[in-house]
Structure formats: structure tokens, C-alpha cells
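In C-alpha cells below, several structures.
Presented sequentially are two complexes of chain A, the first with chain B as partner and the second with chain C.
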Partner chain A sequence: MITVKLYSAVRKYGGKEVLFDHKDGITVRDIVEDLKIPLKELSIIILDNFDSTPDIMLDRIIKDGALLHLFPPMAGG
Partner chain B sequence: MKYSRNMGIMNDFELEKFKKTKALVVGVGGLGGYIASSLVRIGVSSITIVDFDKFDDSNLNRQLFATSKTINKSKVEVVKQELLDINPELNITAVNSKLDELFDKTYFEGIDVVFDAVDNIKSKVLIEKYCSIFNIPLIHGAIAGWYGQLGIIMPGSNILSELYKDKEKGIESVLMSPTFTPGIVANMMISEFVKFILKKEALVNQILYIDLLDHEYRIIYKK
Partner chain C sequence: MFGYMGKLLRINLTNNSIKVEDLDLELAKKFVGGRGLGTKMLYDEIDPKIDALSPENKLFFINGPMSGTPTPTGGRYMVVTKSPLSGTIASSNSGGTWGARLKYAGYDGIIVEGKADKPVYITVTEENVEINDAFDLWGKTVGETTDILQKEKKTNVLAIGPAGERLSKIAAIMNDKDRAAGRSGVGAVMGSKNLKAIVVTGNLKVSLFDEEATKANNKEATQKLKDNPVTGEGLPAYGTAVLVNVINANGMFPTNNFQEGVFDNAEEISGETLAEKYLVRKDPCHRCPIGCGRYTKTDKVEGGGPEYETIWAFGADCGVKDLAKIIEANYWCNQYGIDTISAGATLAAAMELSQIGLLDHVDFEGHKLEFGNDDAIVYWTKKLALREGFGDEMADGSYRLCEKYGRADLSMSVKKLEIPAYDPRGVQGHGLNYATSNRGGCHVRGYMISPEILGLPAKLERQELKDKPFWTKTFQDLTAFIDSTGLCLFTSFALGADDYAKIFNSIVGTNWNGDDVLKAGERIYNIEKQFNIEAGILPEEDTLPERFLKVPMPAGPTEGHVHRLSELLPEYYELRGWDSKGAPTKERLEDLGL
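Entry: the complex of A and B
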């Protein structure tokens, strides 16, 4: 099982938390595409406590039991 | 005595550090109005404020210095006068300008700390670039709806250019800015600034995410 936590505006793509069955070789990109989240709406991705930007994280393979956090960009002032 | 109620968290020597700090606040609308006010009230005696805009009706819900009397007036001129009302001895420079590629970068010279209180990605990334060029720590903040983020960006870390890479706008375009979020995030930025000056553990090269709706607070990015 993979637990995906969505934050602020990206919650419109699945609520606060979505559970996925684990499959061999599944990547962050697979999850993001399955949830139909446009890449421009993601700023930070955390996978099992490792945080980085989408270009670094999207092709990471997710292990069974992983926790994935997805954050959108925020720029209001 | 001025600022005496701050002395529970700092001593006379530390108060002098704030008096000597030269701060630049870019944007004096939602975040920036509260930031500028709190900087004066913490004892900072030299502040430069930058904004090209005038107050309008849509600012009344959240911008500290937007009132029925200041609508249609230059934000930097209004805020300058308000800050001088708090401390008449304040050394204040008001710059009525956009922070874009044409901005006079000499305003960054001699500055000790910069506050990012602008409302767009392009300006945020430019401010980070100028802070790296002039080797100035940047206190970053951003808000949208119930949510906010903040952190201290050290010169050369390029955190904002990474977070906003290939992005044109943030979620604030949909979630907008309610009454309370700017004041909360702005004063958390001030709190981090105070910790940074007092050499306490602060959010250096870290981004703290704030969800006021569900009370979630977590560091979401660090270098």
C-alpha cells in the first residue's frame, strides 16, 4: 500500500489522503498522472521524508508502505 | 521606555543589534504591511519599503494600512507615514517602484536583511537573485487561503528558483487572501527574523508549510 497525502489546493484531485495498491516499479509520476494533477500545480514532493522538486522526484520508484506528500506552489503576498 | 515589553526575549545589547539592522521590505500590501509595522516595533531603525501600487477597496479585508482614508493613495507613502507615527526617529526610505528587471538594484546595497512580501513568482525569484548578488539573507513568505509558507533563504541557496521553476502562478490565484493569513504568516516571518538576529535556531534554508484549517505545520523543503 502507498499513502498519498495532498495539501491545500491539490486536495481537489483526491481529498486529504489517497491510498494506492503497490505495484513493482511504480513511480511518483505514475501516482501524479493517476490523480490527474498537472505538473505545473506541484512545487514540492516528499517521499518517505526526502523532500525535493518534481523534476528530481517524479521518476523515483516507490516502495511498498511508502508515504508520499504533494504540495502546490504558493506565492501570494 | 520604547520597546521595553520586548526585553523579556532580548537584552540591551541584543536590542542594539535590531537598532543597527537595515531592512528592506519588498511589497507593503498583505504580508508587507504587518512586516513593516512589526520591524519598527521590534526596534529596527532603518527600513526601506518598495511597492508600486496604490491601496484599493479589495485590500480592505486584510492589508493593515488599507483604510477608507488611504484608498487610492500610494502604498509606500501611506506606510512611510504610518511607520513614522510609530517611531518618528525612524530612518525610512520609500521606493515607489515595481521589483522587476528594471528595478534600481542599488537599493539592496548596505541592506542586512530583505523581506519577500510580493505577490508574484517572477518578483520572488528576482528578489532571491538580487539577495544572492548582494549576499543578503532573505526572509521569504507566501500565502494563499488558509495556507502559508515561510523560511530564511541564504544567499546562493536558490531555493525559490527551484520551488517556482516553470511555474507562472501559485494557488493564491484561486484561494485568494482572507483577513487573517497575512498577519499570521508576516509575524511568523518576523519571529524567524528575530531568532536569526539573536542567533537562535531558525528556519535557515528551510521552508515551513502552515495549514491554519487543519493545524498542520511541517518543514517541507530544506537544503
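Entry: the complex of A and C
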């Protein structure tokens, strides 16, 4: 099982949390495409406690039991 | 004179003198305005060693050249003084409309000196300036004071609340009811002068060097702010509290006075939940197309805020998950005129003192200060502001409270100013910024969260040390310039140094480029540092609380990390042209024209 958490503007693509069955070789890109989230609407992705931008993260392979966070561009302070 | 009104108002409350002075235009351009010009003038006019709450301290309410112009977000002002909390330079920035209104009344700034022998308030119009008896206003909340003094539409009110009157070293100066020059205890300086409020009325226009170019620049800047997903979508929809989840998911959302980095109930206090349950409308500052400000309502209170930092301070830092109670604590901070970050963080420090048994003798009046007690945050915020009961021990911030019980190390502060909502163990550059910020533990002197967490303008790996001193210095210098213009720092999510240079040139008539902007910022940063050194701030105060340097984060995505300040600081000083103890060298000061 993979737990995907969505935040703020990208919640419109699946609510707060979506669960996916794990498949061998499944990548972050597969999840993003399945949820139909346009890439330009993603800014920060966190997988297994490592955070970076989509260009670094999309082709990462997701392990069973992983937690994936998907964030749109955001700032504050 | 373009951009500037050309006049400063100097009011001495000891002898009731009111003088109008010409602005030194060359000095103004060199230090831009706001934070820069205010600091330069304060440095020249007071001995940095003075007691901040003595009549010798001065209060500068000072605008930048872009305040009151049509430039997007051009309405902010700075309060510059010596801080009673940290003993450093204080420069607290605020939005709303009051700053712009001061220019519409004809002034770039007001300098308040001395001390009135009884409570007074000042009224400023285009034609007249008066010092008035404030006997009937003393003791009133910010809301009550504003309602009494706000007599016409083109009037804006700045005031302190009961916390400033009682000289709380974490008191804020409020304007337009719920906008705060929040940090460093500037409200106590105003209270020490027996000054309750400044009421400004005016309708003048700011002259622009090149009206057509300014119009074109503004159009371009507004478009960039609208097209940018952060300033055009994220901030307007969710406010600054949109950060709760991303900071928590990175395991650096300080919980229970920074004992942990993950708050299990983050979603319940997030910007998303705020928008869903309590948001009434956006509440933008003067001429702001972003509109990150919130106007919220619960079944008990309604008003401006809360911001991300406030939600964290009263929320995760106190272990509290009830957002309605956090909104209520924020409301009372605004009414009593107190800094939400320092107030919440001080309650959190008291909760840790209580947790380890050092407050067993305290009468908590049925509202025990313990992590997770949502009722206590509202009750003790009021008591803190009013200096009642145990609130009196908390009214001067977490450092003095913890020091009293022999555990100054439990105050999560730098130079006695409470650190905001990002655990430095999770973000190396931002931790360096905390340690080297000239006003102490502050996030908005060099907001390294942008590149290290949010990927703006590009992502830097948060635990990496390489290049962090360079980027921290660059962010600090750019921020010093922006803070001096009268624009909002949030414009920097969409605009860069070259954009600011172009806007500055069209308004003031200079011929600057992006490098000139950064150099002006560096000049401002150095004079602040020089003020601090002469005030007696020691080199070893450029540091972080021991918890961040020695205790690894216990769990979550930042587990095992400490902040590696000693590996960053030497390179940072070298880049700044400072000696190994962090003092600007003579050559560097000369190079910057200081």
C-alpha cells in the first residue's frame, strides 16, 4: 500500500489522502499521472523523508508502505 | 523630491516640542528609507548603550520611497528603535494603511523623543500636528482606542494596548486595529514614553520621478505577482498558514517548545482547515494584489489573522490542536498589543518548565500551563499582557522567564528574541540566518525557507552546507533593501533585485541595477551590526540555543540531525568581510560608504 497525501490547491485532484496498491517498479510519476495532476501544479514532493522538486522526484521508485506528499507552489512566513 | 515627501516630523514629548525637518535626500537615497534610513539616523542620534526604556531612546516611524505610491504592496512602514527585549537594533515592519497615510499627510517619518509626564496621543494632519491628553484612552484595548480615534475615512490609527502600557518587553505596536509592528518589544518603548497612539489624516499624493515608467513597471510587477502561483494563488487562497503541512511533513514543525519536529494534529491547525472552517474573507493591506491577510470568525471572536507563525506558536509549540482557541489567543494579542510569536513561544517555554517540575509552586488559577491545554493559551495570553499573576513573570519573554528558573537554555531564542516556526535542525541555511539576524531570532531577515524548503527561486537541499552562507547573506541583503522601500517582502516570491531596481529608479530618479540594490542592502545590514556591537552585543551571541546544536531531532523526517552552525559561521563572516568574531572590518565599512 502507498499513502499519498495532497495539500491545498492539489486537493482538487483527490482530496486529502489517496491510497494506492503497491506494484513493482511504480514511480512517483505513475501516481501523479493516475491522479491527473498537471506537472506545473506541483512544486515540492516528499517521499520517504526526502524532499525535492518534481524533476528530481518523478522517476523515483516507490517502496511498499511508503508515504508520498504532493505540494503545489506555496510560500508564507 | 520624488518618492519621498521631503519632510520628517520630530516630536519631543519631554518638552512638547514639534519640529518639521527637511529630509536629507542624499542620506535617504543611500539608505533607501524605512529600515535603512531609520537605523542610520538612530545610530547617529543615540548612544547604542542606553537603556531602551529610558527617555534617551528614540522611536522612528519611518516610510520608504515606495510607500504611498501605486506600486503593488506599497504601504508598509518600519518602527526603528533600540529593543528592550534583545538590546539590539529593533526594526519592526507593518502593513495595513497607516504608513501610506503618513505620507499622504506629508511626512516620510515621525521621530518621537523623550517621555511625556502623562499619557498622550499625537494627531497629524496635512496642516497641523498636536500632542493631546490620552488620560481617557490609557488602559483601553487597541480596538477600543482605534474606534474612539478613527473619526473619518482618511484617518488611520496606530496604537499600543495594555501590554505596551505595562512595558511588556514583547509588546507590539498595532495599526489599523490588527496589523502589527510585532517583534522586539517596540510597544514597550512607546509605552515608556507614555505615548498611546498616533492618529494620521491626509490626502496628499507622492510625486514620482517618471510617472509613465512607474505605471509600466507597476503593471509588469502586478502581472508577475498575479501569474506567480505563490502570490497569485497559494497565498490569496490559504494565507501564510498554507505552510503548516509542508513544514510538518519535513519534520521541522516545532512541537512542545521545540522538543519534537512533527505535530500529529497539524492538519487540524492548517491553512486549509482555517479556510474551510473560520475564514470570512481576505484582508489585504494597502494596494496589495496578493491579499494573504485573513479575516476570521469563531463563535467567540472575529478579526484579523491568524498568520502561520501565530498558529504555530499557540498551536504546535504549545501542543494545542484547537484552531478556534488559537484564533482567540491571536485576537487577544491584537487587542492587548502583544507579539504573537513571542507570546506563544513564552507560553510554550513555561509549559516545558512546568513539565520538568520547576513551576510546581505556581498558582495556575485552574488553567495549568501544560502542553496540550487549549484553554490555558487564551487565559494566560490575557494574563501575560496584563502582567497579572504568573503572567507578570512571562510578560518579558521566554528568556527572562527561563533564566529566572535557572534554565535559560529552555528559551528557544536568539539574542532573547523567540525563534519562529521552523526548527533549525531541519534547515541549515535558515538556522544560520537565525544566528546572524541583527534583531535576534527572526525568520524574515533572510528567509532561507524559500530555497531550502519551498524551492523558490530554486531548490537547495536543506541539510547541505555548501553555498548556504552565500545564499543566506544574499537573502539578508535583499531583504534589508525591500524592508527599506515600503514594499512587502512577499513580493520577492515573484520579483528579483533587477525588478526592484527598475521600480526604485522610476520613482526616485536613481540609475541603479540589481547589484546596487544588494549593495544598499549590505550597507544597511552592516550599520545594524555596527549598532549591535556598540550596544554591547557579544560575538558569542551569534549562536543558537544549545538544543539545536547538541540534541539531535528525536524522530520524523529530520531525525538525527543537529544544526551545524560552527561549520557555517566562519565562511559567512568571511563573505561579509567581517573578522573572525563577526565585526565588520574597517575596509568593508569604507567600501560600503559607512
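Keep in mind that, in the parts below, the second predicted complex is superposed on the first by the 74 of 77 C-alpha atoms of A that agree within 3 Å, B and C clash if a C-alpha of one lies under 4 Å from a C-alpha of the other, contacts with A are read in each partner's own complex, and residues count from 1 in each chain.
One rule holds in what follows: contacts are C-beta pairs under 8 Å (C-beta built on N, C-alpha and C of every residue); 3 or more make two chains touch, one makes a residue touch a chain.
Predicted, not measured: the structure shown is a model, and the values here were computed from it.
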So, A:T27: does it touch chain B (first), chain C (second), both, or neither? neither
Per the contact definition in the header, classify A:N49: touching chain B only (first), chain C only (second), both, or neither. second
For A:R11 in the superposed arrangement: first (chain B), second (chain C), both or neither? second
Could you tell me if A:P73 is touching chain B, chain C, both of them or neither one (first, second, both, neither)? both
Share the list of chain A residues that count as touching for chain B in one structure and for chain C in the other. 7-9, 16, 41, 43-44, 46, 51-53, 69, 71-77
Interfacial residue positions of chain C with respect to chain A in the complex: 228-231, 233-235, 237-243, 245-246, 249-251, 267, 271-272, 292, 307-309, 443-444, 447, 449-450, 453-456, 459, 461-462, 489-490, 493, 556-557, 559
Tell me, which parts of chain B touch chain A in their complex? 27, 29-32, 116-121, 124, 141-149, 162-172, 174-177, 182, 207, 209, 211, 214, 216, 220-222
In their shared complex, at which residues does chain A touch chain C? 5, 7-9, 11, 16, 41, 43-44, 46, 49, 51-53, 56, 69, 71-77
Mind listing the chain A positions that touch chain B in their complex? 7-9, 16, 39-41, 43-44, 46, 51-53, 55, 69, 71-77
